[in-house]
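Single-structure report; data block below.
As written, the chain order gives the labels A, B, C and D, with residue 1 at the start of each chain.
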């Protein structure tokens, strides 16, 4: 998340359309800050499941979140949906840093910017494991456009 | 919610597509029972806002929930979206009973059936007020197909 | 949930103190209707786990919710905690109907009344199983005081 | 959040006991990463309300979150409560950086470390305003122990 360049849709790789919910709002009549993280979690897991990499109930490797963060740039409201866009910021040995942008309809500049670091672990032992080759290929395709 | 007739899509009036979220799941690997109510709330308010009846931040009348309920017929999973369908079951003087069906992709029989009773109140006094005529017309269109 | 007799604390068996959260509120500055169900779920499972009946990650029997409902009698606000009180309304062969009262500090009349029906199933097959004898004893102690 | 010194309870100023909920868990049988932020939000607002600084429904100044983040160091489970501890990391002109530690029972080392930056704005215009003197005094008491 570079503070200088505006983060536009073209700087991300995948978009996940997410509908907002009445309860997402708080007394200040906008989407509460907590809710954005539920979108990040959803986008990353939807990617992993959609690519056939993760089966949450059975795959030998699962992703645990070790760090997350978000900068909120403009408020987002109900009932319009948001588009949560995804790219890979860093592909490590056992960990992946995902970067996420929240976009409202008709806007090309992100309303919020997040990151989300997964460490991939063995389902049983919960010890880190190397990101498998087939994952690395798929994740490589998510790296930030040049 | 009649126990005999199967509740199919044709018995409802409006459909709201709602995306599921990773966090909606619980340790039993399905969408948790609580989350369905967040969908009901969302569908009813999306209807009211979409028809121009309710502006949550400023309209003189707001809806307070006095009763809700749900029967869970089949589990629903992440990441597929659900279609939450809406009809009006009873249109009273100050209250409206909404009936809701949760449908998964490709299924015509509801996976869950809910109800949700709103009492319409004055925003400031929180005392019940008659459902206005313009609301009654729009709500009348939501009554169960014969 | 009998409409006539006021539901007081003395009509329930166990109390679970639950803290409210900022996000539990909605734009109408009270706890959103959906959130009450997360308290019901919490109280029932805290009881089952606390009594040593349920281990969510490993016990052979798990409880699936087949029906729930709530009547909201008075609004509840943040940041005060609530006391969620529990009793068993019906103890069936494979199912248990729990009844719940939400009490605010210093009040003896419930602010909300809920019910929550669990069917107990085999973890793997998800087919109903009889409620085991040791469970029946503990659940029997939760039946409504005379 | 200094990576070297272990973050113990003694490095924070206030503790808020927060009960966990069944739904806070995800399919990996621990509290989901999103939920921690609902605790941070709750602790900061409970502090502001408890000190008489903020009345969410009426005070002329409200706090909007512009940035948040969390590092997850050890998993946290249901049904044990957590203690969320609070200090002020930086007290700016219009903004305050809160730092939070999540502690499980009997542990003196934080299971998670978060931060949460509020900008204080005029309720109506949503433009930043200086943190009032009475707030500065209360917030000053929350600064990290030396």
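The rule we apply is simple: contacts are C-beta pairs under 8 Å (C-beta built on N, C-alpha and C of every residue); 3 or more make two chains touch, one makes a residue touch a chain.
This structure is a prediction, so every number in the text was calculated from the model and none was measured.
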Item to check | Selected pair, greater C-beta contact count between A-D and A-C | outcome: A-D
Next on the checklist: Centroid from C-alpha atoms only, then distance chain A to chain C, rounded to Å. What do you get?
Outcome noted: 34
Next on the checklist: Based only on mean CA positions, could you tell me how far chain C sits from chain D in angstrom?
Outcome noted: 29
Checklist entry - Can you give the whole-Å distance between the Cα centres of chain A and chain D? => result 23
Checklist entry - For chain B, which residues are shared contacts with two or more other chains? => result 22-23, 25, 27, 29, 32, 34, 38, 41, 56-57
Checklist entry - Line, ring, star, complete or other: which one describes how these chains touch? => result complete
Checklist outcome for this item: So, in the complex, the side of chain B touching chain D is made of residues 22-23, 25-27, 29, 32, 34-35
Checklist entry - Contact residues on chain B for chain C in the complex? => result 27-28, 32-34, 37-38, 41, 56-57, 62, 64-72, 75
Item to check | Contact set on chain D toward chain C in their complex | outcome: 17-23, 25, 29, 38-39, 41-42, 45-46, 49-50, 56-57, 78-79, 81
